[in-house]
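Structures incoming, each one as structure tokens.
Next, two complexes with subunit A in common: one pairs it with subunit B, the other with subunit C.
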Partner chain A sequence: MTPDLVLDCSGMRCPRPIVEMAKAMRRMGPGQVLELLVTDPVAKKDVPAWCQKTGNEFLDEEETSGHFKFHVRKQG
Partner chain B sequence: MSGKASIVVFSNELDRACSAFTIANAAAASGMEVTMFFSCWGVNVVRRKEARWVGSGLFPRFLSFFTRGGAGKLPLSKFNLLGLGGFLMRRRMKAQNIQSVPEMMADARDLGVKFLVCDNPMAIMDLKREDLIDEVDDIVGAAYYINEASGSEITLYI
Partner chain C sequence: MAELPETEPEAEDCGDTCTIDLSKLKGRSPEEAGEPSDKTLIMLTRGTYGHHDDGFSAIQVGNALLAEEAGATLLLLDDGVYFAARDQDPTALGLPNNINYIEDFLDLGGRILALAGSQTRRGLLRDDLVKGVDIITPSQMVREIETHHASVTF
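Take a look at the complex of A and B:
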């Protein structure tokens, strides 16, 4: 998957990755895909919950040795 | 916007302010319209850091001296140890990459969180609008909060 925007929030802790994701989404158009890179493990729970609350589409997640990668599609 | 959240910030302690701003920012980042009401000791969170010895009369001056420093110098609700606990906590938070209260306040404003201040503590502490940070939107009373909270899905008192 080729994201439209990559946001690296590695090292940041709650609630900052969610705040940065919300800010990044403002710069994106409907249907565009954001790739979020995080190391805070609560993101596994928080990112899908944020998508559910905001109506953005949670596409997938990938974990490699403590590094998480999420793909989220901005709602159209 | 999906819903509203109203948060009363009654306290001026670092731990409680962190909790209030963490929730406020998560709510705002989730598309909610967030209003924070700073009442009683919470007013100290939105006071200018350089505001010292404000007011007239012994008691307001006493209060302003012992609550000085603004959002970057809040005490801890437990183990403050005359400020040492607060200092160590801020250092620990920084080492763990956890945002400080001033950093979270800046994010809150960026996300459109409204800062309202209760009028009564302003009178008690003899504070004027210029003693508060520029980010404060308005000074209001209890009925304003009730109207906001009545239309909110989330209301908190911290």
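Take a look at the complex of A and C:
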């Protein structure tokens, strides 16, 4: 998957990655995909919950040695 | 019985000693209290940095609310007004600068209000505070309390 925007929030602790994601999403267009990189494991719960709350589409997540990658599509 | 003044008191006359009759607010019907909203009022009454982490916690709660597209207003009272000081720099304390979180809060559509009396009693001028902070009177503060559906105090 080729994201439209990559947001690296590695080293940030929640809720900061969620805040940064919310800010980034405001600059994106409907249907565009954001790739979010984080290290705080709390994001595993927070990102899907944020998507559910805001109506954006949670696409997938990957975990590699404590690094998490999420893809989220902005609602149309 | 003395008659109540018809005009609003000057902000400088109220300050930290201003009291709100909460029993009247609690007794009001939803219609009297105005339109229901999903906005949360976060009240910060203490200073920041050093041994106080309340300001940091307050702004984190606010940013979490705004990130989830819920409304949030930060109301600074008493020593809480120091939270919005424009040129704050806690580098020497080894703490993160709250300015970044304040900018996030404003970027996400949050409102920051400072009670005029608390500001002036601490010798703070309008320009001493972060741009975007609105100075309000006690009467305006009451209206803000009325139009938020929940409040959290730090």
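Note that the second predicted complex is superposed on the first by the 76 of 76 C-alpha atoms of A that agree within 3 Å, B and C clash if a C-alpha of one lies under 4 Å from a C-alpha of the other, contacts with A are read in each partner's own complex, and residues count from 1 in each chain.
By our rule, a residue touches a chain if its C-beta (ideal position, glycine included) is under 8 Å from a C-beta of that chain, and two chains touch if they have at least 3 such contacts.
Since this is a predicted model, take the numbers as computed values, not measurements.
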**Item:** Of subunit C and subunit B, partner touching more subunit A residues
**Value:** B
**Prompt:** Can A:21 be said to touch subunit B (first), subunit C (second), both, or neither?
**Reply:** both
**Message:** I'd like to know which partner A:12 touches here: subunit B for first, subunit C for second, both or neither.
**Reply:** first
**Request:** Could you tell me which stretches of subunit A are touched by subunit B in one complex and by subunit C in the other?
**Result:** 15-16, 18-19, 21-23, 50, 53-54
**Message:** Which stretch or stretches of subunit A touch subunit B in the complex?
**Reply:** 11-16, 18-19, 21-23, 50, 53-55
**Complete:** Residue set of subunit B touching subunit A in the complex reads 2, 22, 25-26, 28-31, 96-99, 107, 110-111
**Prompt:** In the complex formed with subunit A, which residues of subunit C make contact?
**Reply:** 60, 63-64, 66-69, 104, 107-108
**Message:** Which residues of subunit A touch subunit C once you look at their complex with the stated criterion?
**Reply:** 15-16, 18-19, 21-23, 50, 53-54
